[in-house]
Structures are given as C-alpha cells and as structure tokens.
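Below is one structure, written out as structure tokens; the observations come after it.
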Amino acid sequence: MPTPPSTLTRAPALVAVALLAALLCGWPVGAATGAAMVDDEPIVVVRAARVITGTGEEHAPGVVVIIGGRIRSVGSSAEYPPGATVIDAGDAVVMPALVHLRTRQGLSEYRRTGLRADRRAFDELVLDEHDFGGLLRAGYTAAAYIPAGTDIPGHAAVVRTAGPASARVLRESSYLRIVGSSLSGRRAIREGFDKGKAENEKIRKAREEWEKKQAEAKKAEEAKPETPAPPRPEAPRPSARGGGGAAPPEGEPAKEGEAPKPAEFTPPRTDPAAQPFMDLLDGRDAPVLAIELARASDLLHVDTIIARQPIRSRVQWFLDGNGGDWFEVASRLGERKALVAMAPTIRTVPTTAIRTNSAAELVQAGCEVAFVPTGRLSSLFARVADLVRSGLSREAALRALTINPAIYAGVDDRLGAIAEGRDGDLIFLTSDPLDGLAKVTRVMILGETVFEEKP
Amino acid sequence: MTRPMHPTSPMGTMARAIAMAMALLPVVLSAAVPAHAQGSDDGTTIAFRVGKVITMDDEERVINNAVVLVQNGRITQVGRARAVEIPAGSRVIEQPQAWLVPGLVELHNHTAGALGDLNDLVYLANPGLRSLETVVPESPNVKRARAGGVTTALLIPGSGTNITGFGTIVKFSGPTVDDMVVQSPGSLKVAQAGNPERYWFGVGRTMMNYNTRRTLEGAKAYHDAWVRFESGESAERPRFNPIYEDFRGLFTWDMIASVHTQQYQVVMTTVDMLANRLGLFTVLDHSTFDAWKTAPLVLEAGHVMTICGPRAFYLDPTQRRFNGIAARWWQGGLRDLGINTDAPVIPQEELSYQAAMGVYYGWKPYEALKGITRIGARALRIESRVGSIEVGKDADFGLWTGDPIDPRSQCLMTVIDGRVHYDAAVQRVF
Amino acid sequence: MIMRDAEVRRAPSPTVPSARAGATGPIRVMPAIGGRHPMAALLLLCAVMLTCGAGRAGAAPWQDDAGAAPPATEEAAPTAAADDAAERWLAIRGGTVHTVSGPVLRDVTILCRGTRIAAIGRGLEIPEGAEVIDATGHRVYPGLVAVRSSGLVGADPPEETTDAFSLAAVTALAGGVTTVFSGSGAYKVAYRSIDDMVVRKDLHVPLAYGTRDPQGRRRLRENFDRLRRHQQEVEAWERRRRDEPDAKKPDEAWIRGDLARYRALLRGEAVAVFTADRVHDLLQVVDFVEQYGIRAVVVGATEGWIVAPELSRARVGVIVTPRARQDADDRLNRENGSNIENAAILHRTGVPVAIIPSQTGVSFGGLGGRDLLHLRLEAAFGVRGGLSNDAALRAITLDAARILGIEDRVGSIEVGKDADLIVADGDILHYATHARWTIVNGRVAYDKQAEGIFDHIRPDGDWDAPPPADHWPRRLGMPW
C-alpha cells in the first residue's frame, strides 16, 4: 500500500488538502493497518490529483470512497474510517471506467440479414472463455457486444470485461441494433413496424373474440341456475375451437360441480422478431433502437419511415462510415437532442479535402455525443484530444467518453460516472485524458483493482 | 511554306534528304487534288461586306457595317462600309448580318494525323521527332476545324515522354501539307510531370527534369558554339549535329517551347527551368488545376505565356468551389492568356466553345475571344501575320452569325490566306 | 450580349409560421394572364382557406409526452412534412417569366404554395410569412428536364436511396436541372430534402431492335405477335360470352415480366424506348413501331435527319445530342453521319425532340461543357443547327417532359404545375448565364451566393469581382 510520504514531495498542494481533510475528519491518514468494513463491506478510498466525475464536475485533488463496490462519495475530501483501504493514485487522474458501446471483439463474424429483432448477441458470448484483456487494459470495464449482420440483427449485450462472475452480466438485452445505412435495413424497419402493427391487431382481435365469448359464457352461467337443464356438451365445443391454434383453455366448460375459475386470456402466438415493434406501437416498455447511419442522407431516409411511427422509446444513432457530411443534418439531430455514437475522428467533407469536426458540430447543434473507439483502442484519448484541439468543448468530450456511452449501452444507472450509488469502476490515467498523452495505468471494477500496469 | 530558320546553317546529308522529300511531297499531292477553293492570290480583290468586324487590333476596334478587302492572300483594307471603296471587278461577299472575326488559333492540337503517331515512346527524350511527318490535310479533323472557324494550329506530338519532338505550325488550308505549313519545326514539345511519368515502368520528377535539362543544355552549348563561330568570336567550327541543329530556333526565340505542365509545383519548375534558366520562350499548355497560383512567377519571368486548357475548371478539394482556370489566371494578373482544346480531347472545332467555358467559369467574353485569336498568334510568335484583322496581315478569318464564342452562333465561312476554305452554304459541317 | 443585372438582394425571409397564411385574408388574384390561371388560382386559394382552420389544431399524436424527454432521448420523429409543405409559400417577384407554354411575362409574381405554383400575375398579394425572392433583372424559367441522367439519384428506388447532400445534385441544380430520368422513372433532383422527389415511375420500356441482332428482332416480333393474337382471342371471347356465358377466358398466366410490359406497350399504356443512331436501325424501329402501333422514343438518332419524315410518320420522339459526332463515311454512296442540324431538321419535320448532352452525369474532372451542368448549352448547339431559341428551350423543358410523359407536372410555368423554377442572371441559352436560385418543389434548393460552389463567379453580376479569398481549411478550428 502506498504511503503518503512518498507523494508528499511531489504534490504538496494535494498533501495539504489531504492532511486538512484528514485532520477535519479525525482519521489519521494512512494510519490504518487492517481493512475497514461497513456492514461487512470493504471500504476502498481512492485519492488522486484530479478526479473527473463524468457528470460535469472535476475535483482536484479528489477522493472517491467506495463501499461494497459502490461509490459512496466523491469530492475534494471525504470521511472514511481508519481501516479503509486507501489507494493513493498520486498525480494520476481518475475518471469513470470506459464503456465500449459497440464491439464484437473476440466473436466470429457472420452475416445475418432481415428482421431478427428476437436475436441477442448475449447468446453468442461465453463469458468464462472470452478474452477481454485488450478491452480491459484500454480502460473498458464494460462492453456492448452487438449481433453481427445487417438490417436488424438483434440486441446488444452489455457485459463486464472482468470482475466477479456475479457482476459480469450488465444487460442481456440492451439496445436493438438497426442498420439504417442500407436500403434493406431501412426496409427491415418498415417491415418491423408493419409486422408489429399486424401482430398487435391479431392480438386485439383475439382478445375481442375472447372477451365476447367470456361475456357469452357468463350470460350462459347466469342463466344456468334458473333452468338446471341437462348439460349440453356440444354447445361450448365450437367456442373452444374458435380460440385458434393456441387452444385457450378458457373456453372449456366448467366441470360439473366445480366453481368456474376466472379465465385468463392467452394471446395468440406472434412473431417474436416483431415483439420490439409491437411494444413500441402499443406504448409498452420497449428496447432502445440504435440506428446505424453511414452518411447524412441516411437520416432523411430513416426519418421518412419512422416519422409516421409513434416512437415513445429512445432512438439513438450510430454514425458509421467515413462520411464527413454529418454537419448537413446536425440541426436535424440537434433539435431532437439526439444521442449519437461516433468514432472520434476528423473526417473530410465528401468530394473535398475540407476537414470537419463532426462531433463538435453535432454538440454545437444540441446533440449528445458518445465516442466509440476506432483503430487501436489505446489511441482513443489521443483522438479525442485532437477533436478538442479543433473545437470540441472539454465538457462535451468528457461526457462523450464517460456518461454518454453508458447511456447508449443502457448501463448509465451503474456506470459512466463517479457518483454516489454507481459501481466503483474507475480508471487511473497518467495525465489529463484530453492532453493527447494520457495512458491507462490502473483499472478498477467494483472497487477492486483488476489491471495495473507494471512500472 | 516551310521556312528554313537558319539558312546559314550547313545541312547534313540526312537533313538535306528530308528537305528534298518534303519539297517533292507537295508536288505529288497537288497533282492528285483538284483545284481548290476560289482564292485571291491571282490578284483579284475580294470584298467582305459584313455587319461587324472584331479586329483584335491594338486599338481593339470593333467596326459595325464594315468592309474588309483582301488581295493576294492579305488584308488590304478594313473600315466602315461607307469609308471603303470596293475596287471595280472585285468579288463581293455580302453577309450584312455576319461578324467577321480573326481566324481562331489553336496552340495544342494532336490531330495532325492518326492518333497512333501521337506518342512514339522511343526514349524519355525524343528530340528528333517531328509532328510534320503525320499531317493529313484531308482528314475529317481538318475539315471540322475549319468549320469551327479555326485557321491556325500548332500540331504537336503527345506528352508521353519529356521531349516528344517538334511541333508544326499549320494553317487548316490545303490541299497540300506544303500549303498548310507555316513553320516547322514550330515548337519544341516538352512534357513536365503527369503523362511522361508513365514512361516505361514509371519515372520520377527528378529524373525527368534531369533528362530534359541535360538535353536542352546540350543543345544550348551547341547553339552557343555556333553563335561564337558565326560571330567570329571563335575560329573553331563546331561539329554539325542534326538533332541539336533543330533546337537552335529555341534559343533565338524563333521557336517556342510548348510545355505540357500543370499543377502549382510543376509549373513552378517549368518556369524556373525552361524560362528563367534556359531562357526559352515558354508557353504553358494546360497550366490547369491550381497552376494559377504561379501567376506572379509567370508575370515576373516575362517571356512565359499561358494557354490553358483543355480543362476549364478545377474543383478545388480544399474549397468545394469551381475555379475557372482562365478566370483565376486572369485574376492573377495575366493578360497574355489563351485557351486550348488539346484536340481531340475537346474536338478542334469547339475551340470557341472552350472560350465560352472560360467565360462561364468567370472569365470575360472579349478577353476569351482574344485568347483564341490574337493571344494565340502571339504565343506562336506569328502575331505579325495572323491573329487580328489589320492591313497587311494574312487574310485569315471567319464569318459568324454572331458572337463566335456563343455556341448558338455558327461559322458561315472560313477564309485562310484570302481563300474561302469553308462555306456552310455549300456544305455545312459544324 | 450579356445582361448586367441591377443589384438584386434576396428579401429577408423568415420561415413560414404555420397557420398564418390563412389569417392574412383572401388573396387577390389579378386579371388573367394565361387562360386558365385565375380560376385555378382561386380554387386553390379557397382550398387554402378551408384547410388552414383545420390544420395543425394540436400536436401530432406521438408528441404528447415530448416534454418529458430526457436530454439523450428522441421522443418524436420530426414533423408531418405534408402539413408544413402545404403552408409553405414562396413568391418570386419582378422577374421576366419565360413560361415556355405561353407568352413571356414581364414583371409578374409567381406565387408557390407547397410544392405547386398557386398563382401567376401582376400585383399579387404575397401572404405574410412567405419567402420572397426579388428576381428583378433576372429571368425565370421552368426547371430543366434531363431525359437521361446518371449519378444524380440513387439506385432504384431512388426515393429510398438518394444521397440528398451530393455535390453532383447541387451542381446539376446550379445548371438549372430540376428533373431527371433514371432507371425507368422521373425524379426531382433532391438536395437537402428527399420530400416529393418521385415525379412518376415506369415511364419507359426499353426495347432492343437493332440490325445487328436479327435473332433478337425475331424473338421480339414473335412475342408481340403472340400478345396480339391473345388480344384478338380475348376480344373474340368477349363477343362470344354474350351468347355463351360459360365460355372460357383465354389463359393469361403466361403474360408476366417482359411480356406484361410488352402488353402495356400494345395497349398504349407505356412508351417503348429504342437506342438507334444509324439510318438502318432507325428504319427498323420505324417499321416495328408502325407494325404494332406502339408509342416510342428513340435515343441517339444521330442520322435521324436523313429519315426525319419516316420518324415523323411513325410519331416517334427522339432524344438527341446536337453535337454528337459521327464522321460521314465517304465510301457510302448516300447521306450518312452526324449533322449539327439534326435537331432542327427533326423538329421541323414534326418529330418531338428532347436534347441531352453526351455525358448524362455531372463531371468534376475539369473538362467543361458536355455534362448535365451544361444541358442548356447542348440545347444552344441545337440553335446553332437551326432550332429557334424557343424550340431549343422546349427541348430541355416542356418537350422533354412530354417525351417522358410528365408534362402535366413539369416543363413549363403554369398554375397547378410543380414549382420547379430557375431564376437566372441572363438568357438561359447564353454561355455566361448562371442560375441565381433554383427552386424545386416550391423550395429554394440552390442559392448561388449561399451555396459556395459558384458564389465567386460574377457575384451580383459583377464582372470585375476580386478573386475569392482562399480559405483553408474552413470547417476545422471554427470558434464555437
């Protein structure tokens, strides 16, 4: 365990504040000998020259207290019992661990086409056998694995790249991946909505029919005691058959002498691939649609399809490809405050050599941007630094590295920020993430160090 | 006429043999061709009464209701109809609506003959080759050129090597090669970057510049030696070299270097090497893409002219903007500015349309017309003979239904050396 | 020779507030200029007033929970495009209007509502909130129709694939081209919007009937003969059915695919398209067309001038390139080869003529003047060959639309037609002319001074404008 004196000479300001904090709290810093526990849960304290929370705050110096794997507090100072495990990161910068919002690292490629909204990338993952080492070393403690293929290949799965087995699975079914950059993909969206509407209609009809029969049965029931006639078994039979292939048992005549059970409607079988669209159309809880676009024009084409659909759920966008024409639709995306994922890359306006900082323009227009790494994973910070040098605000860049990818992957309740109640997934950087030189030196999951670069 | 440029130069056996052959060729051909268009070299005067004459003279006069008199292939009088007396017995051509415009001058034409003759890629420098050998007077290309009002052209070899040979200044007259040739060699065709880089398995710019420089420096040393000998400065008679002999006109500016060159960097090299260091009268053919950025250099050199084309515009990838090549040169201060077709890249008869394109992309109509007449003649260094409607000059002009660079206008009649070589009323071609 | 325009400024034009147009009260339509204008305009305006009250009473059904949207969510898809379009007004005033279908109108206002032309006249009242273009000193033409195109709209179906931000599209608009034929349909040049880009589909059925493929010709004739026999059998069956109600209808199941398209041709429901240049091929086409009585268009027709009467007799339309060059072969003892007068001769003989340049895409390589940007100048070459200015303009507007079968929508400036217009700084057939504004579906799709590709060329008619300041790069390092 590092001791304060070693850092004293290097960071006097830090030490001063830390000592002050320690004095105020009454707990001698570094005096603890055994690991402290709260309600049998371990306490981990991380102290660093700077803590970037991911929610817009930065503390310098910063202290993060993690109890039982969850963040209890973050600030320039903190109270913690003497037995806490204190990790002094020295002049390192601590920020939330990264969330990869779109990867297939380690999975085989294959082509799946058409409307496959019932498939899940989760079913491809064998967590115990999967090597997440590369992601982990680059600072990613969670990754959204996407289903391969085109059109609507299925749901992403969000998993931890390390940590206790019980905490590995974050979301079995995260966003629904939709390839809106191809004609067939856009047609699959239309097919999804058409099918969803038809299936909902099918259920509605079946329910109406069932309710009608229920009402009839009830009427017959009420009529029964007045005229206790011999049972006529042939009468209910047709109604039982009328329930369709699912053969709902509710049409069965109540057995002689038994009290009639309150019947339940069993909906007819529907295409599971249409389920998300059925839910969307009926306003039920539905998955987020993550629609991939390759050039600005794709948005116009997708909009013509979804503009007519009552999308109450989130739609988020993945801006794929090499196009540099996103500025053409920046206001269109901005006015709906869209969440867009994109690679942190400076591109050129098509047919020109004019370089464009799409991320900056989208943020300017009102979008929330989430960065997805491209090329070598370790180059992420340097690439984002380039964007900041050419117009992207620091705040937007930090959000695009932390909370926004977590929102995109649907795990922002647990990851993406250093805030009370969130998981203690942190990374330590050699320097500020936006100075172009930052390297990951240590990765923590739930307060446990899972990777540490050997000096 | 094939004009011997250095009559005092002794001729080698080979050169003499070529000259003999060239002298015989017209005889053979003219025997086979029937009497050609009516001419004025028999002393008769032809009077052209037209609606407008664009003289392109030094005063840039435009004369309405004008008469132009032609005799023995030369212009003898130009003026307003009421001021010019038409001699009795003149043949009068009445075109009261037509515009009479100097014959158009093309600086970059590859359609002398078959395209197979264009690029003889023997060596990386082929100074001995001549486009003269390929001229086909009765080719459809020549006929169409005339129908487009083009009267003079520099026929040049292609740009497959650094030095592809000597060009030929011709008039699109005929019927024989001899009738057509104004000057041969009329230019040295040099190609900088671009096409010659594809020679063999590919060569780079350093090698190409070295190669061109070495050839030209050798020729210059030869010329200088002869000058010293001829002026008596040196008593040592240089050894005759048939290849270098053809280059001598380059150093006396009796012949131009017409250079395939484009892009900023390459044009810089061209101006520096050919114009500034070797002192050649340099015509920048193409000079396209962003070459206009070298305008200050070109202006400073003084003996460099720009005849741009065939590309009319450059879509600047850093600007997402259509730059008119001619317009940008003009805005850069160049006034000796012309335009070419690189026929057959653009058909020769569309030289006037190339000027129209220059205007669409930002140039000025009058300047564009001047660029394909007077400026072209200046670039060929035959301005004293062609390029404008002035007394004493060759009677080379076209009669047009209107503004010659408007594609709606047609050339009604093309007159070369006082002869009507194209008459749309007899057979419309373009 | 060249117009120097008075200083023209675009009027400040706030976006049209919805439902405001109706509140401005009835719009006075001035006395008739074209025959059917006033009535049509009045009817339209009545319709406007009726719909305005009802339109946009509340938010769209999926906008009800829009307020609760967290920052990173998208609650509702943007808008009901159709509603907005109907309330969009655009007025072009002060220009000289070349209607093509009628007279040239000076100093009139063209009022566009939504995607259509709503009124044309002097002193029209411009609805409040309308976008106004001051076209004083400019000439207004209908958008040009390119009867062949490549690379301007996406692969079939273009309305689902077109790149709405392509440089090719905006360049075509700069050349005044607003409608292009692609595949077998006609589409608007879509720039920054893909709304209403389909004009009409399934317009042409391409047929091959050349001299070099006698087997193919025979097969085509056999198919047409079979279909014609079938048609006769059907007619016979219909006659017999009056007496024998049980008579069996001739089998039709085999009429599928190409055969179904051929049947559409035989019924006059579609137009056949042939590619033919030489006299013999053209005469083959004429024979075929006359034999089966179909409607047809010939693309190419380089030697059409030699057989113009035959083409006229068969009522074949032609798509020609006036500058097409085919040197005459002097060994043939007959007229042959191309002729600059081709378009004029065909037009004079009564053959419907549409003009197209040799390159049907937009070229960025630098060689100018032979692509769709210069469609109008290809028509100018038609004038060189003897077409009148009017006929040449028609060959790239109304006659081109006729050859495609979309003349009810585009090709001229008339009330009720699509609001596809060019506001040009000069004669559209003059080489120096640029489009100042190009309007597609009642929307300014190209604004020369705003777009940046030609803004430095004679801005506001200034022939001596300084060279553009070169800025590089321009999108990076912008102060945010």
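For clarity, chains are labelled A, B and C in written order, and residue numbers in each chain start from 1.
Heads up, the rule we're going with is that contacts are C-beta pairs under 8 Å (C-beta built on N, C-alpha and C of every residue); 3 or more make two chains touch, one makes a residue touch a chain.
Keep in mind the model is a prediction, meaning the values are calculated, not measured.
A comparison of C-alpha centroids places C closest to the centre of the full protein.
Interface comparison, B-C against A-B: more C-beta pairs in contact at B-C. Centres computed as Cα averages put subunit A at a distance of 48 Å from subunit C. Chain centres here are Cα means. That of subunit B falls 42 Å from that of subunit C. Look at where the CA atoms of subunit A average out and do the same for subunit B: the two points lie 71 Å apart.
Multi-chain contact residues of subunit B, defined as those touching 2 or more other chains: 315, 318-320.
Across the assembly, subunit C contributes 167, 364, 472-474 as residues in contact with two or more other chains. The set of subunit A residues that touch two or more partner chains comprises 349, 351, 353-354.
Subunit B contributes residues 315, 317-320 to its touches with subunit A in the complex. Listing the residues of subunit A that touch subunit B in their complex gives 349, 351-354. If you check the complex, the residues on subunit C that touch subunit A are 61-62, 65, 69, 71-81, 155, 160-167, 192-194, 364, 472-480. Contacts from subunit A toward subunit C in the complex involve residues 183, 186-187, 295-297, 300-301, 303-304, 306-312, 314-316, 325, 327-328, 332, 335-339, 346, 349-351, 353-357, 360-361, 364, 368, 390-391, 393, 404, 407-408. By the touch rule above, subunit C contacts subunit B in their complex via residues 1-2, 167, 323, 325, 327-328, 339-341, 364-369, 374, 377, 380-381, 383-385, 389, 429-432, 434, 452-458, 463, 466-468, 470-474.
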